[in-house]
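Look at the two complexes coming up: chain A is in both, with chain B in one and chain C in the other.
Entry: the complex of A and B
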């Protein structure tokens, strides 16, 4: 009877998590289409979708872009988030709340809205950014077209750094002031105390936050879809964008599912690292 | 409960059923889904009013979807996945019919149509657009058709030294005219051709197919051969067309990258840039003038004096010398609809003379009913009808096979790659060939001669 309390959770996981995953894996081995004969009579085709997936240079290009997007986004979100958290804790309480409100606003704004705000800010000659550039006499820029991947990375960092800031703010409160004072008395400068004292102390938090932001960033779709839609050409196409393109533009639901399964694989790896780090952290604290 | 009470209850229940069932059967509701636009709404609302007056108790639920053509198709396909969400009546683009019929999303109409006394009013060429390529059955009643040409601003071409009365004979003539505009009229974009994914089907059809249908052998030598029922890879005409687009793009003849990437640019072009005199030439359909008339989305009184129309030349002026592409929207029925006769009644209301006339005039399309084409109001309100109807003899229809929607997406991607994407023609065309082979299956593909 001791397993009874677990039943609701297990049911939820099976119904809303396991079943869709198994369904996606099954679908990825069929030629299911959005329309056409294969929509009504999908055939089982084994690993054919995966064969095409791994032999298509477009997949590898998207995979490379996903790696750059995730890598730089995660690095950026963690560094910016930590810096804001560090500077913020030195400010007066009023400034602290103000800073939190501003940063968290970026985070709570729905993805679609955030994407559209950036789209209007960056798009075209009359964009908000180019009007600001006019004041300073800078040349107009069309970064959504000339540097689309960099643009979506910056947007994603802007949006995601609030989460990291919250995590690091909490972590910084756990760094005892005695330790910091001791470091100061020993003659450590600000940089030395950050790199020599604070970062080593909050290392488990950093590790876990890196994995969490990685998981969040792997599936980012809305922001890229709205600002560049993966273009121009395929220059900002990451795996989630490729998945949508294949499943809905090409109507290849089966093939799109195989990309979803690939993404799922990366998510599982990141999750396993997370679980492992969490255990290490617990063991150390316990 | 005593016997009398039981009797009373059962009588009541029986009475309830007796009254309730016929009432349920009578009050039927048909859901209609269409892509929102002033002219489709006008026709649907008129048909709804007419239909509800003739069928008291029955109601029509109109679902206008405001979205890009691509998203409209995705949404309707997803709705069609289940009987509980499938619409009864679908405003369907003719080029989706074969795929949707094969998917079981559409009901064949031949039997019902043969019993409809107005069916012989419909042009046989236009009816092709409502048929499945696979089984030849009619799945959609056509509401209008179209042809395409190069619209141009007479004043601008005059000023650029091309002349106000312009008719190119080859692709090179188009590039030469664009070069003169570029050189003499700074601030004016020489020509608009849709070349990106943002342009969706307009890129495939108005952009590429108007070109490849004008290469030697036409569409059957460059894309799909109806005789062998095979898709074509490695064709020279296809590569020549991509090279033409790349040349136009690389020389700065097309509109800016920002505009090309903008999925709402089709509206911006017709409603702002063209009336403002900022674009000298644009390859577009016959329907476009409907935006500029009184009651259109962007009234522009001077359009008829300002703009001229030129036929799209074949590559080197070979064959008939000119080419065009046709398509058009239809009205179709889901096989999941409960009362098909009733649904068919509504469809014939949408496609009757009055509504077809409204559609042809307000959409600016070429009428598909003989009584509409001959109608005086139609001829008076449509000053381009003569020119565009004459293109029907050189026009082409898209190979609307099942995988056409996928091939179309692939074509858009390939065009975008050689222009905005900066790829070489050979790389992009090679990728197109490989992906087409994958989509169609290698047994359904043949190498061009």
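Entry: the complex of A and C
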């Protein structure tokens, strides 16, 4: 009786997490289509989709881009987020809050709006960025066309920094000032105090935040879809976009599901690491 | 000492300059939207409107363009957040108050689920919803969004409940109150700030979500703001920048309003780590 109130939430989670995951694995072994004959009469084809998936250069290209996108986004968000959090402590309160509000706004703005803002900012000769380049006398750039992957990474860092900043701000407050003063008396410079004292102390927070930002970046679809749509060609196509294109543009639901399973596999690994770190943190905090 | 004071002033100045630079870099891509929204002749360039006007807002505030999508967004976000809070309240209570045999494992499982990328299960969800007739319905979006938010919400709710001492409830039981009455008259009122936090977090998340309605909805009448902004952009993007900016601003405003209202309690509660707020 005591666990009855748990039932509705548990049922929802099972029905919409566990069942779809199993369904995805099953569907990935069929030739299910979005419409037409293959939509009504899907046939079981074993691992054929996976065979095509892993022999298609487009998959490997997308995997590589996903690694670059996730790696650089996570590094950028964590480094910039930490730096802002660190510098923020020393700044004048008014400037402190102004900068925080602006950085947080970039994070709270809906995904479609963020994508749309950057699209207008980067696109065309009269875009905001080229206006700024005019002031400094730089040549005009069309990064959405010439460096699409770099562009979406910058956009994603811009959008995600606030989260890391908030996390690291909280962590920095927990570093006792006595430890820092002791380091200063021992003659430690700024860099020594950051790398020798602060970072080791907040290492558990860094670990968990890196995993969390990785998980959040793995599924990013909207901002890429809106700014470059994975293009030009496939030059900024990451796994989620490849999945969408195969499943909906080409109508290959079965094949798209095999990409979903691959993406899910990475998610499961990262999520298991996350739970592991979560347990460690729980044990430490008692 | 004089040297130390000087060093502190120098640090502060350097920090101020660095933060100002950060602020400018982060705000520049947003400036255009605010200016263009009030400029009937807006282009892609960042420029002060020659004539400030509400023309763009007037043009989009019609039933078809912005009002229906706005209402759809409200229905999806409010509906989901209500369901999430109620279900999390039910689930959080036994997890917080009883020593359940698999309680710990349950928590680890939902923490695990809360971190999975939802993007990856949208294809099977779509196929499932076609089978059970939930595709292209607001109810379908609400049901799935609820499931997607639940693991994190249940975990948060348990945490908030753990912070409420059990003595008050026990005192009520000795006075003859039932468990349900204890929950309704003692736990829920004390839990109000936590419930509000979960509701608002879920609301913001759903208001901003694009992928789920983008996959599950097909008819224009069902589009929330996220999807209709996207399709408006695709159809008229090259011509009506001002209206587009106004639409985007209208869509963004509620999130900003709500977020900055609750920012203080959020920073105190949700973001202390291991708190796992979704980015």
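Note that the second predicted complex is superposed on the first by the 271 of 286 C-alpha atoms of A that agree within 3 Å, B and C clash if a C-alpha of one lies under 4 Å from a C-alpha of the other, contacts with A are read in each partner's own complex, and residues count from 1 in each chain.
Everything that follows uses one rule, which is that a contact is a pair of C-beta atoms (placed from the backbone, for glycine too) under 8 Å apart; a residue touches a chain by one contact, two chains touch by 3 or more.
Keep in mind that what you see is a predicted model, and the values were worked out from it rather than measured.
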item	value
Touching partner for A:231 - first (chain B), second (chain C), both, neither	first
Which superposed partner A:250 touches (first chain B, second chain C, both, neither)	first
Contacts of A:33 with chain B and chain C, given as first, second, both or neither	first
Partner chain(s) touched by A:76 [first = chain B, second = chain C, both, neither]	neither
First (chain B), second (chain C), both or neither touched by A:2	second
Dominant contact partner of chain A by residue count, chain C or chain B	C
First, second, both or neither for A:52, with chain B first and chain C second	first
First (chain B), second (chain C), both or neither touched by A:123	both
Footprint overlap on chain A, where chain B in one structure and chain C in the other make contact	123-124
List of chain A residues in touch with chain C within their complex	2-3, 5-6, 8-10, 12-13, 15-17, 19-21, 23-24, 27, 32, 84, 87-92, 95-96, 98-99, 101-113, 116-118, 120-121, 123-124, 126-128, 131-132, 158, 160-161, 163, 166-167, 170-171, 205, 208-209, 212-213, 215-216, 218-222, 226, 240, 243, 247, 253, 256-257, 260-261, 263-264, 267-268, 270-272, 274-275, 277-279, 281-282, 285
Chain B to chain A touching residues, read off their complex	70, 74, 77-78, 96, 99-100, 102-105, 196-198, 257-258, 261-263, 402-403, 405-406, 409-410, 413, 416-417, 420-423, 431, 435, 438-439
Chain A-facing residues of chain C, complex	11-12, 14-16, 18-20, 22-23, 26-33, 43-46, 87-88, 90-91, 93-95, 98, 100, 106, 108, 110-113, 115-128, 143-144, 146-148, 150-151, 154, 204, 207-211, 214, 225-226, 229-230, 233, 241, 244, 248, 251-252, 255-256, 259-260, 263, 267, 271-274, 276-279
For the chain A and chain B complex, residues of the former touching the latter	33-37, 39-40, 52, 56-58, 123-125, 142, 144-145, 228-229, 231-235, 245, 248-252
